[in-house]
Amino acid sequence: MDDIEVEVLAEPELSDPILIEGLPGVGHVGKLAVEHLLEEFESEVVRRVYATEFPPQVTITDGVAELASAELHAVTIADEATDDETDGIDLLVLTGDHQAQTNAGHYRLTEAFLDLAEEIGVQQVFALGGVPTGELVEEPSVLGAVSAGEHIEALEDVGVEFREDEPAGGVVGVSGLMLGLGGRRGLEVACLMGETSGYLVDPKSAQAVLVVLEDVLGFDVSFEALEERAEEMEEVVGKIQEMQDQQGSVPTDDDLRYIG
Amino acid sequence: MDDIEVEVLAEPELSDPILIEGLPGVGHVGKLAVEHLLEEFESEVVRRVYATEFPPQVTITDGVAELASAELHAVTIADEATDDETDGIDLLVLTGDHQAQTNAGHYRLTEAFLDLAEEIGVQQVFALGGVPTGELVEEPSVLGAVSAGEHIEALEDVGVEFREDEPAGGVVGVSGLMLGLGGRRGLEVACLMGETSGYLVDPKSAQAVLVVLEDVLGFDVSFEALEERAEEMEEVVGKIQEMQDQQGSVPTDDDLRYIG
Amino acid sequence: MDDIEVEVLAEPELSDPILIEGLPGVGHVGKLAVEHLLEEFESEVVRRVYATEFPPQVTITDGVAELASAELHAVTIADEATDDETDGIDLLVLTGDHQAQTNAGHYRLTEAFLDLAEEIGVQQVFALGGVPTGELVEEPSVLGAVSAGEHIEALEDVGVEFREDEPAGGVVGVSGLMLGLGGRRGLEVACLMGETSGYLVDPKSAQAVLVVLEDVLGFDVSFEALEERAEEMEEVVGKIQEMQDQQGSVPTDDDLRYIG
Amino acid sequence: MDDIEVEVLAEPELSDPILIEGLPGVGHVGKLAVEHLLEEFESEVVRRVYATEFPPQVTITDGVAELASAELHAVTIADEATDDETDGIDLLVLTGDHQAQTNAGHYRLTEAFLDLAEEIGVQQVFALGGVPTGELVEEPSVLGAVSAGEHIEALEDVGVEFREDEPAGGVVGVSGLMLGLGGRRGLEVACLMGETSGYLVDPKSAQAVLVVLEDVLGFDVSFEALEERAEEMEEVVGKIQEMQDQQGSVPTDDDLRYIG
């Protein structure tokens, strides 16, 4: 096996496909968002990427092992008005269970993802993720970061916030490198980051990010499933707050960190 | 020395050999199981694998140093009825004291092991290990995971359990990659995982795994030595429980972790 | 992207340029010092260095992402008397937000920096940094270390202290390798280390280092901005000392480590 | 700079030189021992080895930086009776301030050291080090480990102890790989390990190791300097024991670990 190995599963015919990245990260916001897209729309796995940078791990589903990988899914969203796929939007959705584990690995994998996307015709990229606020957020805003200033206005028009020097620590991982490396290739890259506590898996933040994406790209998706998950999480949060009230103490990071 | 270096010690003539992997892991279940096979049957070291991924370490036996390595042993089990080796089962047993220490190292080493096994004619692989339950297990079940769904039924017939989404964290290390990388090569790979607390070296769990292997492959092995070790461990466990009863407290991970 | 990738942004005509390195380190002394130079004098970015050894990270300024990098800036300081740039000093100032994260990465990056500097004509290097004292320093001295003994006298003449076996742990990171690898190339390298507590960002120590540099190279720079920052830090220190007095305890590392 | 870079400083004419390795390790026993040899006999640095695996660090002596390296020193010990160097013993002494920091780095560096030694004619290697006992040792024994069983007897004759399965954890680092990799090259390698607490720099243990080396190789060295250092250490130990007596407690690892 090479350091990075690509399995070609299908050769979709996509028209101006847009790459949507949602790998694991803060609040699992990006991953929840792209998984929701894959559940709501028909999709086809077109590439699977294996890498020696991923953990030496298989996931087991019904007893059958699958090697750690990231996948590119082709999604075609028909035009809402005409219900005609040829008028719709083509997405290339990148997801998976792992990020790389070394600095160099992050760079190499992101380059591989961008290579694959460009081969399939991608010119525009949305990297989805969360931005940690450290406290529970009732109405999560969506922060933006872009590869070039000219892309800001269109995003601000649909409610994306651009704040001076935020996020303070920059953007890390694949989403950060999509911006950095994709931008250097001349791609139009935007990172959409839903505010999230950082302590919980956050379907509400994922929804906020998707609402922006709907507006930018012009499609419609049902949020029922995400809203149900958000309600479940709110019950969890309610129970935690009850426990805190009884203890008369603020929740510590340890109380919250691994819930979800 | 290359990153991985193979020493050829013998060229055994094996008929449809089956690879049995038992490197160190949870409860040392896999390693105990294959060591028991090597003690009970005649065997011959056929390959020794050195790797710069292994710790920079030698083991000392009677003053003589041996460089960290993994070994492939040829084992021929004569047919029980005819006592004729040509009717029996040929195993290629992989064991050693170390796993790799980086992600990429795990991938490279497992690929090397599979290359060697395929050169010797292996088509079928059993990766032996333990699955941690977090508590002492009276009658350990054996969980299974396979490279392809078609192999499940035969294993269920001999009592291997396949549970939905278990083990939850997947399978890691060489056993996991045997499934993942071996499966991608078209080999028939099964991972047999004995339930074990995760705190103690567990000969009873190793025996449970071997009983399954006996049934699948059709051989007979004495378990006297393993049962003795299991009794010794039970004495240790008894003493720990006594100590806990006196202290009126549940054992912590730290009490138990390094015992065995 | 290669492991290290260099973007050429300008080809300045510099006369006997002197490399001034100030990457992040103890008390951010080196980085504060070179940033002050870049603020006080006109400068031009001439090279940008990207590396897979840097964190997989972009910084965000006004919503626009910039990939982790180090930069070489050309600075021309006109002669004080004649105010003529051709009589002045040419500096090549190296700064950035990151150091490498592995041993080998530090070596490779420093070699890359030295390659670039030599191509631009550098023969002499000053690596600026801090040396931790563990306690607040009223009047920070500047310690020196050089690539060859013949460079000591000139530095002692302007107040740089050379102490037997200090700094005790040697010099680490890019500054250390500037000395070690630069010296092996035959460059004249000096490391100037301002004393600093090690707990706080230290503009006063940065100023002490720059005063030495002024004297060695013969230029004049206003310290107003650094002095303002130093005053702000002193207020912070004052508040910490107040808190300690109230608690009647000495400050712990944790109290102080991340302040600034 | 290559991953490993060798500087040739001299081409000594040595007759059947014996490699003596003493890099930093448990109780600094090996390093103390070889440093003592270099102080007591005339020596010449013949090779300096730089490596990107070493820390990115320079040591500073009287203000002058020296890049992290390991050195091979040629030592010629004249025959005691004839005082004739041509009848004496030639040693190649390997020392330095660092070990590698990754598994693969340890393997690569040891191979490099062995390559250099073989080029200079080395057939026999003594790796010097300490073996931790966890308690203060009045009369340290010297444990042995060898690359081949035939070398045991000669060492037992001069008092080296070979114990079954000791040291329990094997031998790690460069000393371990000298045995493992040197043995695979067909060199005669012995590791001599002085018992030492593991908490203190231990000149007494270094002396015990050198006494064995004297007997094996047939040379005489004064131990005055080592004995003085041992006395200094005993004063330190005395003070620690006093402190313990006052506190009525046994010393913890933390009390002792970094003393010396």
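Residue numbering begins at 1 within each chain, and the chains themselves are lettered A, B, C and D in the order written.
One rule holds in what follows: contacts are C-beta pairs under 8 Å (C-beta built on N, C-alpha and C of every residue); 3 or more make two chains touch, one makes a residue touch a chain.
Nothing here was measured: the structure is a model prediction, and the numbers come from that model.
Considering the contact criterion stated above, no chain is in touch with chain B and with chain D alike.
After Cα superposition, the angle needed to carry chain A onto chain B is 90 degrees, rounded to a multiple of 5. Under half of the residue numbers at the interface between copies chain C and chain D are found on both sides, making the touching surfaces mostly different.
Comparing mean CA positions across the assembly, the chain most remote from chain C is B.
The distance from the centre of chain C to the centre of chain D, each centre being the mean of the chain's C-alpha atoms, comes to 38 Å. Between the CA-based centres of chain B and chain C the separation comes to 54 Å, rounded to the whole angstrom. Centre-to-centre separation of chain A and chain D, using mean CA positions: 54 Å. Pairwise chain contacts in this structure: A-B, A-C, B-D, C-D. In the complex of the two chains, the chain A residues touching chain C come out as 100, 103-104, 106-108, 110-111, 144-149, 152, 162-167, 169-174, 176-177, 179-181, 183-184, 189, 191. Contacts from chain C toward chain A in the complex involve residues 1, 3, 52-68, 101, 105.
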